[in-house]
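First chain A sits with chain B, and in the next complex the same chain sits with chain C.
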Partner chain A sequence: MAEILLSEAEKAFIHHGDDLRCDGRTRLDYRPIILETGLVSNASGSSRLRLANSDVLVGVKVELASPLSEKPLEGRLEFFVDCSANATPEFEGRGGEDLANEICRFLQMSYMSGDTINLSELSVLAGQQCWVLYVDILILECGGNLYDTVSLAVKSALYTTQIPSIKVATMDGDQPELELSEDPYDTKRLNTQNVPCLVTLMKIGNHYLVDPTPEEECCSSSGVVVAVSGSKKITAVRKIGSGSLHPESLVSMLKTASEVGAVVNKILMKKLLEEETAGKTQKVGFMR
Partner chain B sequence: MVDIRLASEVPLFDIVADSTEPKHLVTPGSLITKETGFMRGHGTYMQDDCLYASVAGVVERVNQLISVRPLKSRYHGEIGDVVIGRITEVSQKRWKLDTNARLDSVLLLQSVNLPGGELRRRSAEDELSMRQYLKEGDLVSAEVQNIFNDGALSLHTRSMKYGKLSQGCLVKVSPSLIRRQKTHFHNLPCGASIIMGNNGFVWICPTLHEDVAGGFVQNLETVPHADRQAISRLRNCVTALAQCKMMIYDTSIMHAYDASINAGFEIKDLLLPDKITEIALMVRKQFEMEKE
Partner chain C sequence: MPVDSRRLQGPESAFSYTLLEKKDANAEESILSADLQKMLIDSNHVRKDKRKPTDARPLFLRTGIISQAKGSAYIEQGNTKLVCGVYGPREVQKKSDFRLNGQLFCEFKFAPFSCQKRRSHQQDNEELVLSGLLREALEAAVCLHHFPKAQVEVNIMVIENDGSPLAAALTCASLALASASIPMYDLVIGAAVRQLPKLLLLDPTKDEEWQPKLNHDENNSNLTVGFMPSMQQICAYVHEGVSNPEELEQMLKIVTEYCLKVQPVVQLCLKETVEKMLASEGENNDAE
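Up next, the complex of A and B:
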């Protein structure tokens, strides 16, 4: 995350905040989120999510490939994170690679549980062909709390992803023929109800905060990132920062994270449904 | 707890802007004039006897001088400006500060007041204990004393009102939104003080009392809750005014503060895009009423 300088007095001011942070939020409040899907026309699904100053663009492309030998009846998801050098000066050159790999690996881990997404929906021909979803994440601006922003954007992009429907034509000897539907609107969508959202909790003093700003991240020495699925289950946990955490505080942080994650999931699904039913409105895009 | 909006629901911030179009907006590379006989100022270049703009901004013409004032640029220092800077480096006999300008500003050791108020020549011991006065990350309020040849600003804190800043909240806005006033230090009636640096850094802190101002003492006691609320609300008001591109000075900040209290907005509500435009429109209306 971006390292900014703060004076001792500013850090003391942030530490002493008793459920009233510098911008008036309570410890469990998120900053305003602005969401838009369907921006990238040549991707099967896309979304752009802006959480205050953090801006993330996600594109999902679907391709046919052979499934893994140990999981012949399932498709798979492949994540790739690119920290653009425009996001923050630290990402210049190869500076953003470490962070990109971390986010990528943690996303992979949080989606591994069978509770999140039903990968058998992506299977086309058992053992031979399946859909692979390539999720490409581009971090355009870094304003603190990247994990949460990325996970919400990925969830929105997966919600709008349209997978072409495929029919298996008659077997021609040993080779089955796959027939792609002619109609571009004949697609199916994934059930993203249980797709996880990541919740970052940073520990400052004796309390922990949701959605830290870069200044608050600088004041804190430890935190956890928790992947919470739609059914309020925790699928992955990662500790960030160099400080230590007491086991009791870790347990209470996990509990808070699952509650916050459930609320975020619910509100996000509601908004995505609203956008879908609103139909074809004018795309706002990047021109604002 | 969580507020998610669709991009189509977010209001445009420039509904608060003047309906009159600014005269002659240009983008880099656009032609300003083909006539000769004009002197070219900042933000322009000459090619084949034609004058082109090199920055995006408004064309300004003073008699025969044509220049382009950019819409968004780094802070351009003038002598006598009050600035707020963050120490980035401690070097030999000087500190380097980040003031949102093109180059780091310089604060020379001989330009600061020594604790205790002594007036003497700085010794080698003073040089070695520079870090005890100001170290990396500290915020200082200072005045521009001089401008070096390369454009770097030389600052000084030779007055009790300048010096290291204590607890509070820093807001960064565009330098062009800060109006040049007689005084940049204001003790607002709501229980907080505000320092508006010409470089776009606005510092909001609990009310500064006359006897504790300046120097190198930092007060690390807990700030009372009511003061924290005032500071947070002011911070959100300043950010709201900056997003709607309104000029920031003590009157506009107080109008925004009063408008947010009268409308009954909670402090965290002022982060939402529609509340920001509402506040800006209310401040606008207040100014129009005052003019009559």
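Up next, the complex of A and C:
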């Protein structure tokens, strides 16, 4: 992150603060989140999520392709994370590639287990055509806690993704004909109820924090990122940072993460539903 | 991703012949883990390779396998075979990085013929993430402040992948680092465990390992842990698949117990290495 300067007093406070953090939050509180969907007109689904100073824009494009030979009855999700050089000076050139790759891979892993998403809904013609959802994540600004921000933005974008309805017409010899519905509003949406949210917990001193700020991330040497699905199951866990954790701390962090994840999922779905039912209001976009 | 133009790539339409195999009715499409369980364990509670669920595969360790490297190690865990070479401490390649602590560079690579599906010659995303995980784990164990402005390179090459490559890599890398006389706080021992609904399999083979598949019912996952036995600290933790915190606690306990049992084996290997070095030095002195 851009040069973080911390005095000894600030470091001491972050280490020993008794359930009170520098910005007044408790250890399990998130910073304010601003979410808006449907910003990008050329994408089938999009969302922009701002978690305090972390800003992420996600665009989902749906395309037809042939399914993987090992999984002929399923469509697929392809993630791509792009750390813009504007986000933080460290991302200049190829600096952000490692982090982008890690986020991408962890997202892929957390979506690929359990009942998170039903990919067989994306199949058009078994073994020949399926929908591929290209989820492109653009990190515009980095203010700590990228994993959580990205996962919430992706979930929101997928929630609003409209997949056109395609009918398979008569098989003309070997070539099936695909018919796109004439009504542009005849679309279907994926069930994203169980799609996972990532929760980052950083270990500082003897306790752990949810949603760390860049200053708190500096003071911490290790943490875990936990993917919690909408059905309250843990679908992926990864320890991050160059420090080490005691097994007991790790176990209690996992328990806390799964509780926090369940709450985050519930609130996010509620807000997305509210935005949907509110109807066509004027888009705020990047003006605010 | 930069394209490797120097090597001949196979034609685009090449695919593995195993896709043409006739599958049993229950094999791949088995959604219920109960069926999966029946495949892996027979009625006597014995696995396909005659092990009990809590038995690990026999371990073989040898150091000094690469003569040109500062330190090297070879590990065989069942059929999983890995080589690790350690070079350094030497001057940091990118002079622009001035750091008061030493740096660790890890490269994790699968040989193209090591897995069932051919791997590319260049590191793909999975290998890059595994390299990052390995580096974070080893950074917790190595005394980086002992070699400021210098770097140590750890290169892992998987010769044959029959399950749990990351676990074997962690053990092999720490053995290689120790034999290269790099100061460390503790050895890192890696272990993996597969979780099925009512069963835990320690040290899974490739067939027993969890594969990303959706629509599984409860509790189906893979956990790889890097543990420092003397310090009782976890330095690597990767969990993929569906689980809940209570089950994760169980899996962690089994894995840490196994790591404690393996520690004396690794220490014995190091002891033999030192004895051999002293013996050969003694011979050189006699010859002079």
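The rule is simple: the second predicted complex is superposed on the first by the 283 of 288 C-alpha atoms of A that agree within 3 Å, B and C clash if a C-alpha of one lies under 4 Å from a C-alpha of the other, contacts with A are read in each partner's own complex, and residues count from 1 in each chain.
Keep in mind that, in the parts below, contacts are C-beta pairs under 8 Å (C-beta built on N, C-alpha and C of every residue); 3 or more make two chains touch, one makes a residue touch a chain.
These numbers were taken from a predicted model, which means no experiment stands behind them.
State whether A:56 touches chain B only (first), chain C only (second), both chains, or neither.
In the superposition, A:56 touches no partner, neither chain B nor chain C.
Could you look at A:284 and tell me whether it touches chain B, chain C, both or neither (first, second, both, neither)?
The first partner, chain B, only.
Report for A:12: first if it touches chain B alone, second if chain C alone, otherwise both or neither.
Only chain B; A:12 stays clear of chain C.
Let me test your reading of the model: by the given contact rule, A:150 touches which partner, first (chain B), second (chain C), both or neither?
A:150 contacts neither chain B nor chain C.
I'd like to know which partner A:240 touches here: chain B for first, chain C for second, both or neither.
Once the two structures are laid over each other on A, A:240 reaches chain C alone.
Per the contact definition in the header, classify A:28: touching chain B only (first), chain C only (second), both, or neither.
So A:28 only meets chain B here.
Note which residues of chain A are touching chain B in the complex, please.
5-10, 12-13, 16-18, 20-26, 28-36, 48, 52, 260, 263-264, 267-268, 271, 274-275, 278, 281-282, 284, 288
Which bits of chain A are touching chain C when the two form their complex?
Residues of chain A touching chain C: 69-70, 74, 98, 101-102, 104-106, 109, 112-119, 222, 224, 229, 232-247, 250-251, 254-255, 258.
Show me the residue ranges of chain B that touch chain A in the complex, using the header's touch definition.
Interface residues on the chain B side: 1-8, 10, 12, 86-88, 136-139, 164-170, 218-220, 222-223, 225, 228-229, 231-233, 235-236, 266-268, 270-273.
Could you list, by residue number, the parts of chain C that touch chain A in their complex?
Contact set of chain C toward chain A: 15, 19, 125-126, 128-129, 132-133, 136, 139-141, 212-216, 218, 220-221, 228, 231-245, 248-249, 252-253, 256.
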